[in-house]
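Several structures are given next for inspection.
Look at the two complexes coming up: chain A is in both, with chain B in one and chain C in the other.
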Partner chain A sequence: MTEFITFTVVGLATGAIYSIASAGLVVTYTTSGIFNFAHGAIGMFSAFLYWQLRWDDGWGGSWPAPIALLFVLFVAAPIIGIILQIVVMRGLEATSETTKLVIPIAVMLGFIGIANWVWQGAEQRIPKPFFGRNAKWSIGDAYITWHQTIIVIVAVLLAVALRFLLFKTKIGITMRAVVDNTSLVELNGGRPNRAALQSWAIGSILAAVAGVLISPLLGGLGVLALTLLVVNAYAAAIFGKLRNLPLTFIGGLVIGLSVSYWNWISSTGQKWPWLSELRTTLPVVILFFVLLLLPQEKLRGSHAATIRERFAVPSIQASLVWSSIFVVVVSALSLIITDKWESLLTRGLTMGIIALSMVLLTGYAGELNLAPLAFAGIGAISAFQFDVGSAVETGPGFATLIVLLAISFGVLVFPAFGLVRSRLFFAVVSFAFIVFILVVFFDGTTGTGIASRESMSLSGLVVAALISGSIGAVVALPALRLRGLYLALATFAFAIFVDRMVYKQRETLTFDIPLIGDNEDVSINIFNNGALNIPRPNFWRINFAEKQWAMLIFVSIIFCIFSVALIQLRKSSYGRQLTAMKDSPAACATLGMNMRRLKLSVFTLAAAIAGFGGALHASNLRTIQEDYPFTIWEGLALFMLTVVGGIGYVSGALFGGIIYACAFIVMGDFWGKLAEDWGSFRWLFTFLQDFFLLLGPALAGIGLGRNPSGVGSQIFDGFRILKKKDHRTVLVCGSSLMILSWFFRVIEVYNGWVFILTSLPILFLMPLLAEARDRDVKSRNDTLIEMAGIEYDFSDEFISYIDAELSITSDFNVDERNTLNE
Partner chain B sequence: MNEFLNLENVSVYFGGHIAVNEVSLAIDPGTITGLIGPNGAGKTTLFNVISGLLTPSSGRVLFADEDITSLAPHKRARIGIGRTFQKLELFNSLSVIDNIRVSLEISNQWNSSRTEILGSNISSEIDRILDLTGLNSVRNSMASEIPTGQARLVELARALVLSPSILLLDEPASGQNDEETESFGLLLRELCDSGISIFLVEHDMSLVMNTCDLVNVLDFGSVIAKGTPEEIQEHELVIEAYLGFKKR
Partner chain C sequence: MIPLLSLQRITAGYGEISILKDVSMELFSGQIYALLGPNGGGKSTTLKVCSGQLLPTKGELIIAGKVMNGSEPNALARAGICTIPEGKGIFPNLTVRENLLMMTSSGVSIEAIEEVTYRRFPQLSSRTNQLAGTLSGGEQQMLAMSRALSTNPAILLLDELSMGLAPLIVGQLYEIVQQIAEEGVAILVVEQFANIVLEIATTAGIMTHGKLIKEGIPSEIQKYLKHAYLG
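Then we have the complex of A and B:
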């Protein structure tokens, strides 16, 4: 009984904190329609701030609790909320779902960056509970701390206050009305902007309350741990469908109690060691299942601001030409850059391959997935376990298993391509056959797995893709009915699940996988005590392990193969159907499309690409750890930067991957080097170094995440002008100069900086020059005096177009106007 | 003749708001039936109920004597209910011709009997539909860039690809000029003669009065009148509803 009371009290207390945090989420969501991903980070930030004011040795440090509390909760938090609303979130309601997701994610990463910056160092920061650790009272033999008591009281008070605020005050009623209809509120004299400001201030206060209350329950403050703890509250908010406050409070309590009772049953995870991380994962597991049980929302129509294709999809010839140019340029660069740059660029490209999975899933098909790196991680682990790992014996059984996987992959993916039945069968069989040949060729039919080998094989990459694809299907299957934000949250939950339950798995699991291991049980140690060593490949007698440049070129070729394949897919019937589904699910349904099959297939395919890329990325890095490179945080950053690059296009994946892996590191290094060389400005350069490393990605996301077509495609667009025949001279001269500069660098006439300082300006001057020439030509053409200053002819079609757009049926229709002119 | 689309006492509530109130309607095969009424009367909502995008709060939808009230939208399309949208739902990232092509490809997925006929003839089928709807001049334009009047025709073309037995058209003539509307009326007649029944929501009274065999009038979610165009023009309640609407 005593135990029961103790665990119930603990559960109620944490549950109450989740309720408070999720109430904040609901308040901002109902008034602005934006799911504030940064909510957890605001809580984290406030907890750190409170600690700073109360206990730090530096500034602040010894403020009395009430003053520190007042400052954090009623000065800092509302200011944060208001600034966020004004600077970042305003105007986001009318944008696409992707943008609505990316901007708050960028803000979250920004807070994490700032916190890591301000509170860096390994110092243990242990906040004390209210009234100290020993302040407690008891029911029977069970002790209840004052801190727990305060938490519950605060939650009850806040619940009552919120109820009152939303239903009994004018502010609250306006706040509730805003989400339903902003312009109507305006008509009735309400001020939606003010309501939005207030709701963001309140939401941020609630996050801060939760952060301050929850921090003493941890061993010590940790940026990511604290952020994720508040993320647990997301599940509670989903209980209330992001709208209903009472249900949200109940949801928080359910989550708190489940975790606590699980701790009780499992003796804090010790009873079943392989489930030991479930105590931290339970909330997201609940989140996933609550999402599945949510009543299905109705099919929506198109969004005003989805990602628009701005130019035609390139032809097969064009994409092949561009790919060859790309590989040639990369090879040329590999001759003149250092190993460090080569390895950064290789990472950028392997990340780019993973980002291609998002181009397919989010860019082409319009389905959100926040777990790209979870699938990449699964791919890397599969490659390790089945190709490189010591555990699994390869052999006939293994080959059979892989063939079965290949068949199920084919059955999941191919039907959506619209093949007739006979050809479908043929396609699946030949796919499985190719996979079989690969496995037999590279792995042989006998022997043990990779531990006994020193290199990754092609079959390892294929196995990675197949297993990750299958798991993608398993995740997608229940989630098929989810769309938009809900799908994003479900995949987010999955990513956290993989972070905790897979990467942190330390137990050796024993399976009885049929076919493998001669009827013996197979023991798999999923994440070998926190690090997996995955060797580089070794094909065609090229030793990729020692030659970074070879790895770079190999990876660039793979990137091009995937890109060309994706572009072809986009132009196929399958690609058109994906586009149709993205543009208007409602119209697709009224054309008889069964979207679930299509979604399942595209999800599987995208997960397979991510798995392939993940295995390649891991093999390039040689080692992966539980906390790098496939965590949820890295995944969110990659997603965000791919959107910045242009998630609708292959070029966006390239930009996303490269920005992610190189850009900020290179910029940081640049300032770091300056800081070394210029001692007197050290503080400035170190500041800039930290700034770019810690905040660069977040700022790029906030600044550029709204652009629906992305930076990558815009830059390419800029170079389009060079395709014109008139500008061939510019193109030829420019390229020759760059090649010359490259040549001088190769024969070491000068160093890398000079090369960059000569070739980059030439590269970007070319389109500018071409434009200038165009302008010249235009102004030389004589203009009629009455046409001066008029850029377009108002043609008849254009006039009737305007009329139609304005819904004017012009009495003056085209024919009449012509006769009048005569 | 047996009536083949039947609504029985259909009601739709949005929260406390009654958008459609106990509507009973029947569409006869081979006819053009009009549905008119002021903005907000519930016409689009009724279409959403018929095509399955919305489940009615009460009442039944029957099609060819089968209860389809809770059938998924894509299955309704497969039994021959096509529609267009008042708020355009084009595939904006595709060109006009690809909008039609993808519709064909989608319908080929479920209509396997047609695959063999169309397998190689896809482009001639596309041409036929482009000609029929007069969209040949904009076939390669992006769907997002053509005028509204033509965009509505693209929606119609897309729906025609299914060879539906009934077509629900939601304000198809808005955004078209007089001339276009007139030829649109002729097109509707032609389609109807080829065996497609049409259920038409339209604000352009001349189009409705000239092409419809029967007209239903909806106001505040209820059917206030039914009859031939001539009867409707005389009907007191209708005049009242429209005057009220015009004054607003």
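Then we have the complex of A and C:
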């Protein structure tokens, strides 16, 4: 009984915090239509700020609790909310769901960046509960701390206050009215902008309350841990369908209590040790299932026509030309750059391949997926387990399993391409056969060779794609009915699940699957003690392990193949169906399209691409850890940067991958080097270094509001002008200069910096020059379009000639013209 | 006498497309101006310009002698322009009383608003705590009209008041419109279906293709209607 009370109280307290946080989320969502992903980060930031004011040795420190509380909750938090609303969220009108999701994610990453920057170091920051650790009272034998008591009281008070605010005050009623009909509020004389500011201020205060209250319950302050804790509140908010506050509060309590009771059950001995991480994962599991239980959303004819985002489709020819140019440029670069840069670029390109999965899924099909790197991670693990893993003893069984996976993959994906009956059968069989050949002949499924393999095989990559594709299908299957934000949240839940349950899995799982491992138990140690060593590929007699340049060129070719295939796919009937589904699900339904099959196939395909890219990325890195590179945070950053690059284009994926993996590191290095060289300006350069490393991605994301179609395509559009015949000289001169500069670098006339400083300006001057020439030509014959041709000075002879041709008496015409002139 | 509301050579539209071309009109105190015309003629756009929801690209919006181009709709609303938009001008997820509370931005107290509303529409008084979205169509329009009644506007802009309502209720509502006009309010009524409005209007205009093609007394306008609608 005592235990029951203790665990109930703990559950109630954490549940109450979730309720408070999720209430804030609901307030901002209902009034602005923006799901504030940064909500948790605001809570985290406030908790740190509170700690800083109360206990830090440096600035602030030893403020009395009431003053610190007042400052954090009623000065800092509302200001954060108001600034966010004015600077960032107000620009989100008439943007797509993707953009509305990405920008709060960018803000969240920004907060994480700032917090990591301000509160650096491994210093333990332990906030104390209110009235100290020993302030408690008891029911029977069960002790309840004052902190817990305060939490519950605060939650109840806030619930009442929110209810009062929203239903009894003019401010609250205006906030609700804005949701109903913004323009009518204006016609009533109300001020919708002010209501939005108020709701963001309130939302931000609630996040801060949750952050400050929850921080003492953890061992010590951690940026990511705190941010994610409030993410648990998302599940509570979904309970109330992001709208209903009482249900939201109940949801928070349900989550808090279930986690607490789970801890109680597992504290008395764990039957399944591999479930131990469930204690932190339970909220997202609940989130996933609550999402599935939501009533079916009405099919909408989307508001695509009013959205500012447009994606053109490049021609196949253009994509082939660009791909070849790209591979040539990468090969040329590989001759002159160091191993470090080669490895950075390779990282960028492999990330780009993963990002291609998002181009297909989000850019083409409009389905949001926040877990691209979870699928990539699964791909990497599969490649490891199958190819090099110590756990899987090979036998004919494993090949059979892979072939079965291949068949189901084919059955899922191929019909979407219009293959039916005998052709489908043929395609699936031949696909399975190819996979079989790959698996058997490139690995030799007999013997124990695989266990000691030192290189990744081609079949390893294929297996990675197949397994992560099937897991993609398994995840997508229940989520088929979700769209937009709800789908994004479901995939987000999945990503956290993978983060916790897969990457942190330390138990050896033992399966007794017939056919595999010669009827013995198969035991798999999914994530070997937090790190997996994944070898480089080694085929076609190229040792990719030793030659980074070979890896780089190989990866760039793969990227191009995938890109061209994706563009071809987009132009096919399948691609048109995907875009139709993105633009208007309602129209698709009336046309009789089977959207479920379409969604399932595109999810499977995208997950397969992500898995393939993940295996490549891992093998390029050689080692993956539980906290790098496939975590939810990295995934969000990659997703965001791909959207910034233009998620409807393969160039967006390239941009996203490269910027993600290289740009900020390079910029950080650049300032770091300057800081070393220029001692007196050290503080400035170190500042800039931190700035770009920590805040670069977030700022890039926030800048997205200005150009929702992404910058990748904009850059390409800039170069498009060079295709004109008029500018051939510019193109030829520019390219030859760049080749010359490259050549000088190859024969080592100068170092890399000089190469960059000569070639980059030329590259970017070319389109500018061409544009300037165009403008020059235009200004010379500056005629209004409707006057074109009329102002021309026709000679009298020419006019009489025309008149004669038209058989008009020329005398009459001359007179006529004279009268007109007068 | 200066007009309460005057449009001087207004050109306005969405994006690059001009809907209204060079429209001028004047509206005096106590007048009921019926703006008629077929679908897509620019009637609602005219109303949007008058209420400040759409910024004209050319021309001037003059209210009581002052140029008001570029004023926010909420500022105009507080200055005494009451707009009842197309569809039901209510908040469906707020209760009747909360809807009335939203009208207090004009400076009138909630008690006064409730008093006027419930006196005029007694059937609303038994539904104060009901969500407005669950009222019948007629009751919703009454709720919307109560803003015109209770907030003492100087100018009233009505968009498609009759849409989706039974003729009997439309008749009642227009009776109220007439009473409001008698108190000296300038009223601009936009309607697709002309007959009911022409009975109470003091002036009428026909708008097609973004131009005011005919303006005059209702009985005169009646004759041109067929021509305007059927081209």
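Throughout what follows, the second predicted complex is superposed on the first by the 757 of 822 C-alpha atoms of A that agree within 3 Å, B and C clash if a C-alpha of one lies under 4 Å from a C-alpha of the other, contacts with A are read in each partner's own complex, and residues count from 1 in each chain.
Here is the rule we use: contacts are C-beta pairs under 8 Å (C-beta built on N, C-alpha and C of every residue); 3 or more make two chains touch, one makes a residue touch a chain.
Just so it is clear, the structure is predicted and the values come from calculations on it, not from any experiment.
When the shared chain is aligned, chain B comes close enough to touch A:589, but chain C does not. When the two complexes are overlaid on their common chain A, residue A:745 makes contact with neither chain B nor chain C.
In the superposition on chain A, A:173 makes contact with chain C only, while chain B stays out of contact range.
When the shared chain is aligned, chain B comes close enough to touch A:580, but chain C does not. With both complexes superposed, B is the one of chain B and chain C in contact with more chain A residues.
Contacts of A:800 after superposition on the shared chain: chain B is touched, whereas chain C is not. Shared contact residues of chain A, touching chain B in one structure and chain C in the other, are absent. Residues 51-54, 72-78, 81-83, 85, 87-94, 98, 101-103, 105-112, 115, 142, 144, 147-150, 155, 158-159, 161-162, 174-179 of chain B are the ones touching chain A in the complex. Looking at the complex, you find that chain A touches chain B at residues 298-299, 301-302, 306-309, 418, 420, 573, 576-577, 579-580, 582-584, 586-595, 800-801, 803-805, 807, 809-810, 813. Listing the residues of chain C that touch chain A in their complex gives 51, 53, 72-74, 77-78, 82-83, 85, 89-94, 98, 101-106, 147. Chain A meets chain C in the complex at residues 167, 170, 173-174, 176-177, 179-181, 183-192.
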